[in-house]
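Think of it as A, B, C and D in the order they're written, each chain with its own count starting at 1.
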Amino acid sequence: MDIGLIGLGRMGQGMTRSFLRAGHRVTVYNRTRERAEALRGQGAGVAETIAEACRSGVVLTMVADDAALQSLVFAEGGILRALPLGGLHISSSTISVALSAQLAAAHAEAGQAFVSAPVFGRPEAAAEGRLLVVVAGPPEAIEKCRPLLAAISARLEVFGDRPALANAVKLAGNFLIANVIEALAEGLVFLRSSGVDPAQFLELFTGTLFNAPIYKSYGSILLKGDYDTVGFSLPLGLKDIRLFLAAADARNLPMPVASLLRDRMLTAMARGYQDRDWCVLGQVAAEDAGLASGPPSGAMSSAKGNE
Amino acid sequence: MDIGLIGLGRMGQGMTRSFLRAGHRVTVYNRTRERAEALRGQGAGVAETIAEACRSGVVLTMVADDAALQSLVFAEGGILRALPLGGLHISSSTISVALSAQLAAAHAEAGQAFVSAPVFGRPEAAAEGRLLVVVAGPPEAIEKCRPLLAAISARLEVFGDRPALANAVKLAGNFLIANVIEALAEGLVFLRSSGVDPAQFLELFTGTLFNAPIYKSYGSILLKGDYDTVGFSLPLGLKDIRLFLAAADARNLPMPVASLLRDRMLTAMARGYQDRDWCVLGQVAAEDAGLASGPPSGAMSSAKGNE
Amino acid sequence: MDIGLIGLGRMGQGMTRSFLRAGHRVTVYNRTRERAEALRGQGAGVAETIAEACRSGVVLTMVADDAALQSLVFAEGGILRALPLGGLHISSSTISVALSAQLAAAHAEAGQAFVSAPVFGRPEAAAEGRLLVVVAGPPEAIEKCRPLLAAISARLEVFGDRPALANAVKLAGNFLIANVIEALAEGLVFLRSSGVDPAQFLELFTGTLFNAPIYKSYGSILLKGDYDTVGFSLPLGLKDIRLFLAAADARNLPMPVASLLRDRMLTAMARGYQDRDWCVLGQVAAEDAGLASGPPSGAMSSAKGNE
Amino acid sequence: MDIGLIGLGRMGQGMTRSFLRAGHRVTVYNRTRERAEALRGQGAGVAETIAEACRSGVVLTMVADDAALQSLVFAEGGILRALPLGGLHISSSTISVALSAQLAAAHAEAGQAFVSAPVFGRPEAAAEGRLLVVVAGPPEAIEKCRPLLAAISARLEVFGDRPALANAVKLAGNFLIANVIEALAEGLVFLRSSGVDPAQFLELFTGTLFNAPIYKSYGSILLKGDYDTVGFSLPLGLKDIRLFLAAADARNLPMPVASLLRDRMLTAMARGYQDRDWCVLGQVAAEDAGLASGPPSGAMSSAKGNE
């Protein structure tokens, strides 16, 4: 299949590799050109413009947030204009439910298809084709995507014909993951303070009742307290909880656990941990329990005074 | 082995069956005699008094709460007096960390051993010998218990020589389980309100990232909304969160998620759900999101006015 | 002074009356014409368009939310174009800190002045000139406003030259008020359930330690449980807490009490209380404590299923 | 009137002075004798034993917590035995609702009267006779106390004939005060970070909507950030919130704001602030918002590891 791919962060790069390995022809575009060039050696074409990346009629976007995607799609020379009639836009970014609905409407009005296909998994999983992809959009468009998405995924699950459904699933999933981090962080603080060996506790429970990848991987990170190796950064985690709360808020749904997670993450941001993994919630919990001292004062978030 | 067993709730009954099946001789005692008599047919001896249940020198207790165990141990004619010098008290009840420490001291002073051995698992698991048992106490006393506890457990894990350690582990485990219920409850409310099929969501995630028994079993209960089949009752769940918070409080450990869980459970109690499974948090979340109407007014908790 | 006034909700109508009484000439504009006509009899001019309301060079806006004000200012034929060079826009709406900053920049670029002047007080206070007005903006523009704002206020306080400062003050003030409502709601639930006469409690404390207008007026409403007489509606209160949280979020400030207030208000919305006073938090607290039954099922928030 | 007074903390000392000034004869008792001797010069008699302090038949107790009062009353040689038939015990300590009910029953059984008379106000107010006293107990016993309590109070309010009612009022009052501290702490963090002058904000609002002693005094402390001058210590404040939560818990009343306050205070304790005023919640809020650095690591709560 012939596709364009826009957004060459670590996830986008990994996905590109998987597409190429599966025999698809990929033309990549990135705002900063260097990352695109790096993929040329692996067989990717490099587009000079968004329009060029849209030329094949199928474009996949993988960018940081709503603002980035809005600008890609709606700006002059953006995807909405560049994509031909009957074209297809596959969005894998974690974006708001509201923007997903807006994009679906805009593409439909332009005679184009829009499929939402956010993913679960780390950059390595993207590069190895082991992502979990949740998809929603018009059935025929999804069928068109299927061979493509198969190249990056261990599992692909379709949630319906409104693209926003897949975004709701992605946000709910990340909420549940963030909840695991905070609950484990509090639990480990309790155990350490009580004199229980937390490693033994985790080994036991992640081998029995909580025998799930999420508890194993996050438990291990929290145990080591290694928050400088960033698998998923705190600001991205906070972004996702904000999106979850915003989507819930729009439907008058109180989400007390998510509100709490937001405040814990904001505390982590305020303490200067914006460059760390979102598991740094473990550090925050330890500090609040007097089991760790806070950040060096130089690391405090700065320039608070004025807008 | 020759033992006494005091406390014939559903868990105690199941444990008795497993002990008998493994060839141990069990003399049971229960405040209300009938439950004891029912086990006579299965080979158990029936004690008339606590003292009689203590005669073999090894007694296991499985009762509802701190008050019940305190009375069993410290009352006139209680375990402390009845157990011979060198005797052994194995406590499997979910009790406070503080009481566990107090019992350890009292038994030591009386020249007796105290082992804390709380369990994870339902009554059926007790009857089938498939419990997860967490143990702490003096090493030689634990070795003495081992063949006995093997009869009820699929796995037995020793956490150290202070009995209270096992209680801390039990409370932390139940905190993590309660957290799963509340997080799933909020997540399912979000998904339902967003138009996502919650059954499909659960099937996907409990088959991948959250592929753990806890998520599968509780997810299934929340999905069906069947809170009248009581696996673990709301008041018992609330009791355990209270014990967790009390143990944390005694060490100046803030536990924001646990505080939230406590308030949610109290709301459920106040709405008259004291006879339901603790998964009724799913009902509370749905009501707070306008997705379900509250209890019929007759079910409201009554007699609030005076002490 | 010659001014235009846009937005004739109950607050805008009250302000218009106070301006007229003080001898100012007011040309009013409202999207739905009738309300404007009603003020003609009291001496107001009626504008057919936004542009006409801007003709005098000074326009005051008092509308429901960000979206309404954005549309008024930035739409074709909006205030930004209609106001002459050197003109002045006074914004009394409760809007976001972010929009206030954006408006300041836009007006400055257009060679116009922007003053933020949100108010505390009910419609009656507006009509009687007894509002508390908090103001921020360029000093010379504020001096120009002063005689005007004097007509509606018992007190006028200037907070600096960035208009957004006044909006931050307004949001912080409403946060503190909402907090009083929730705390009193919980306290009264506790007292009633304990058998204490809540009326006696309130009379004592609002006559001593909590001898402040806010505690007296909100205490009295909560005591009566009269939430159908709407002084300030639940959706408006929720809007303000959302704006407070958004402004805090933009600066990485965790606000645990405000997060809690948001969730309580969302619960109230979800239970179908959107047409009541924001003191309906008292009803929610009573329901959660089993002291009141929930809304009739017909009142539940409806049409949750699909976007 | 001839009375005994037990408990010479700063409050008890102040009360003694007010009693003496009003012409009452006071025999004081304190566990550590020195404080009693210091009052001899001011006209107080000094008792060697609890029994001696009870000899007149009227004894007032003012101690730190439940445990201290329980020991005073129930221990061998304690008040219950020492007080004559028809004697009167006035309890001004902030104790649990449950203990108050227990004391009422115990004294009634002993043919004695029990009046609960907790107070609001600082030690200086006690010494100057300006306390707010809330009273509950048998009417005739209260009448007997009245001239006595008049000597320490600016206002005395009777809440009914069950002593526990006064304790519920005291706890609810302290909950509302703690809530003011936390809300102001969050609000001031928001304002400072937004660039608003917090002193100006407080001056405005405590002169208008929040024109109450509580907002003025606590606002001023938070503004200065002087938490080393201890008016009411953090551990005492935490104790009271715990008692409030315990009383609510016993009636299945969720108290989300109080749960939050508890966690904030525990965080403060864990950060090593146990010797500061309970307004140190302002410091915690600032730290969590990145506006202040945490405690020097040496101040962290220590010796967490083992029980």
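Quick notes on this structure:
One rule holds for everything that comes next: a contact is a pair of C-beta atoms (placed from the backbone, for glycine too) under 8 Å apart; a residue touches a chain by one contact, two chains touch by 3 or more.
If you're wondering where the values come from, they're calculated on a predicted model, not measured in any experiment.
Chains that touch both chain B and chain C are the following: A, D.
Among the pairs B-D and C-D, the greater number of C-beta contacts is found at C-D. Here the C-alpha atoms of chain A line up with those of chain B after a rotation of 180°, rounded in steps of 5.
The chain with its Cα centroid farthest from the Cα centroid of chain C is B.
Averaged C-alpha coordinates put the centre of chain C at 38 Å from the centre of chain D.
Chain A and chain D have CA centres that are 51 Å apart. Remark: chain B and chain D have CA centroids separated by 37 Å (rounded to whole angstrom). Among all residues of chain B, those that touch two or more other chains are 97, 162, 164, 193-195, 248, 251-256, 260, 264, 267, 269-270, 288-290, 301, 304, 307. Within the complex, the chain A residues that touch chain D are 192-195, 267, 269-272, 287-291, 293-297, 300-301, 304-307.
For chain C in complex with chain D, the touching residues are 97, 120, 132, 134, 155, 157, 159-160, 162, 164-165, 168-169, 171-173, 175-177, 179, 182-184, 186-187, 189-191, 193-197, 200-201, 204-205, 208-215, 244, 247-248, 251-258, 260, 264, 288-290. Listing the residues of chain D that touch chain B in their complex gives 97, 101, 162, 164, 242, 248-249, 251-256, 259-260, 262-264, 266-267, 269-270, 301, 304, 307.
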